[in-house]
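Same chain, two partners: chain A is paired with chain B first, then with chain C.
Right, the complex of A and B next:
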């Protein structure tokens, strides 16, 4: 379909490219919010702060520490690929949010926005792997392996979870998916897809139970050798991915900007922050899913469950039309 | 026990020998207690780092030079020479478990590593992330009988290590806080706290799913390897056992019963037996298993002499 503003009647404005800077700002603010919340929760759990600053200000202390930390390097590191991997997460997160409509504004109104998001999250595979591989160190290499093992477990369920809203809305355009939820959010009648999607977000952010790729048990894994600014960018990338994943869930599952009183853009932000808070909190509740064991869950439990969900959604979609 | 076969050694690995314990040892001891838990500290990052990854690669500093030399040679000799980019020999292949050839990496774990028994060095041969061969030794192998750490604090510290390695930061932080409480004189609060931690850990199905079946040891296994009777079971059983002992230990301490120190009974292990326990496991699982053994003191084993020069 060549027409850039197809079918549905919901008003949408594709903003000038310069506004991408503003989108980056919002993404950054969300990532910082998530980091502050994580710091606050860590302080409440009695964890020792990582420096002189604890609690919600911890991310700032950490950032300051990392910015003046001298950059270490390893012998015969593949620096180009290593840096690409570490910095790429932030780029991917930024590219993800380009298709998320903020109320009536969006940067790209792609006909295949859902696939765009999916393509971006698959890039994380390469990036984390490169981060682990590029350093030329055993522990980070093991971290890279472990991420791929997790990836085999989570990626297919995540893809099929994204399929469900697309089937129901009969489009891959993100704005149209959001508009199709008039009256009833997809999260309500396709809960399995929603939950699997959230697991996927945690997974591609190397977050919480999906953190073994950078786990303590392999001495930091993929990020073991990252230091200074490289480390800061990597961590910022993880938070940004988490924020982007939460933001994308809003048009896909939570009705986009729909809501009483507040304007659309505000509802998008409120829903994003709420979801982000849940994801941050989740990390504290669960121990790691060991990759060797999670593979079984992904294939034996999540994949059939989400396929069944797709079937149900497809039957309902056919029956309605 | 470690007096045999020590002719060639000066000081370093010697059994009963004062001298050494102050320099290297102090640093380590601190590591396991305080520094180690604060992962984000700069100093610590380094500690873990050096011990593990770089320790084995001497000559790192000459990276640039050696790299150049070697490249030049390689071209001329058509790869006849042993190739070692940057001064590090390339990994050599070895038969994997499934019969395919796979690179063997030599990785040294310890002696200073987060959530790791202080002073323990494990020289591992890795294929992928599976330990195919391991040799354990102890830096400054003297069991410290005069340890001033009292009561159940050390056991709780080990619980914190295992929980942290299992990726459960929150519970690990709680365990560390309880350990600190238990170290304070006249503690009354630690009892209820450690009981609450035990309930929380037992409630977690994810943790049980994750640790169940990891290095299950039968009675005979434990006996043959010189492990205490409570090491029987899998890693999850051992974690629950550690918690039970901590609860009992805190209760005993609170009752003023400092003489028996139930927590410390029979918890000295010889490094001889550790290598067998981790062979065949992947790196992360091996660390979980080691942490689950609730090691308070390590004794340098007989095998130490042969491997330390290997």
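Right, the complex of A and C next:
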């Protein structure tokens, strides 16, 4: 029987739970960076900002505006579920990064870290739908259902994309997956899984091509009735999810903290920021995926492609052992 | 001590979440009360050192409740899913059955002579569980799985209103297929 956690030469320290606050700080900084980059790209694309502040400082102006805004109320809203949905995204993103090792430190060295991440990204299904449902408004309900329709299309390919690195590393432990990429990053020899994973990250962040759930054609969809601080928390949650997805890709596909000169933690951050920048940039480069049409793309193209990728990875893994 | 409190606290959440399913008057609340109950059960399983089973329970149950939300609004007649509605039916029978079952099981628990623990837990509990569940029956499971998938596919094909002749024409040559819902890959 194979040892469930293969021998690794990279030492790992599980830090005290109090450091979770530091992790939250890093996640917040990454989310703000993403928002600033998005503001800069919006300014370059000629988009007119809603407030007085444009360009990279737009997120701050937007945050100030939303914090002053009055909270909109709707008739017969299911307030409990509505608030849970809107605030949950940020919580889920924070829970995702607990299993991402920052160089030699990790908060939570869970033996099934990959599954943990997967379970958290499925939570987003519930949360976006609840945001759409809770307001008791037609547009937001349509948005919530659009997200679930996307979910039915993207979730299985995403799950099977996460399977590929786990098979190659023969473990579900995130640290061990990162250590198994000694010499060759998984992104290089499992590109299909990597690309489908990135698509999944965009999807569970309701980002770019997966934004129809919050599209302007349904008055902002799931977030239509969110205003003030509620909306700020929802948007922050989306950016945090994008950042958490980029951070998780580093140990899964990009060799973790491996790299010359710089220490491990610095490489993790550099790779995360680079990937996050790509994801933010792609927002204006890809067309929106209509939920009804994307379902077929997910099941007829992405799923077979990523299953073939898993087969190739499995054959190589068996052949190597 | 702390983990004992957490264990019992989560157990309480699981039971109360399950009870809330029948107490609330909204489909969405019932659905996610059930999800909460299952998440608490998944956390309980984590306490039993079954990390994989616990996390998978959380994953599958949240996903299933989200999909249930899709179908309850899609298929419920007159869309009561969008209105306040009672979550119980056959109330008196259900209470009688539930109380009887509880009494029988609780009596059983109190009457049975519980054996003392023999041996100690294995180092990898999940693998031990998998082997004791599947070990000698792996071949059977490997044979049954494709049969089950074939049954599901055959069932859907037989139940489908539209056949391939509706989609591709009488000589199966019509491209792209004539679908009421256009797909994304232009079949």
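Please note the rule applied: the second predicted complex is superposed on the first by the 313 of 321 C-alpha atoms of A that agree within 3 Å, B and C clash if a C-alpha of one lies under 4 Å from a C-alpha of the other, contacts with A are read in each partner's own complex, and residues count from 1 in each chain.
In the analysis below, a residue touches a chain if its C-beta (ideal position, glycine included) is under 8 Å from a C-beta of that chain, and two chains touch if they have at least 3 such contacts.
None of these values were measured; they are calculated from a predicted model.
Trainee: Quick check for you: in the superposed arrangement, does A:130 touch first (chain B), second (chain C), both or neither?
Mentor: Only chain C is touched by A:130; chain B is not.
Trainee: Is A:13 in contact with chain B, with chain C, with both, or with neither (first, second, both, neither)?
Mentor: neither
Trainee: Touching A:301 in the superposition: chain B (first), chain C (second), both, neither?
Mentor: A:301 sits against chain C, while chain B stays out of touch.
Trainee: With both complexes overlaid on chain A, does A:146 touch chain B (first), chain C (second), both or neither?
Mentor: After superposing on A, A:146 lies in contact with chain B but is clear of chain C.
Trainee: Mind working out whether A:290 is in touch with chain B, chain C, both or neither, as first, second, both or neither?
Mentor: Touch status of A:290: both partners.
Trainee: So, does A:110 touch the first partner chain B, the second partner chain C, both, or neither?
Mentor: After superposition on chain A, A:110 lies in contact with chain C alone.
Trainee: Hey, what residues of chain A end up touching chain B and chain C alike?
Mentor: Residues 145, 289-290, 292-293 of chain A touch both chain B and chain C.
Trainee: Contact residues on chain C for chain A in the complex?
Mentor: Of all residues in chain C, those touching chain A are 26, 28-29, 32, 35, 51-52, 55-56, 58-59, 62-63, 65-67, 69-70, 73, 124, 127, 181-185, 187.
Trainee: If you look only at chain A, which of its residues touch chain C in the complex?
Mentor: 1, 4, 78, 80-81, 110-112, 115-116, 118-119, 122-123, 125-126, 129-130, 133-134, 145, 148-149, 151-152, 155, 172, 289-290, 292-297, 300-301
Trainee: In the complex of these two chains, what residues of chain B are touching chain A?
Mentor: Going by the criterion above, the answer is residues 37-42, 45, 48-49, 52-54, 57, 60, 63, 67, 85-88, 105, 107, 113-115, 126, 128-129, 163-174, 176-177, 204, 206-207, 209-210, 282-285, 287-288.
Trainee: Give the list of chain A residues in touch with chain B in this complex.
Mentor: Within the complex, chain A contacts chain B at residues 41-42, 45-51, 62, 65, 69, 72, 74-76, 137-139, 142, 145-146, 209, 211-212, 215-220, 224-225, 227, 283-290, 292-293.
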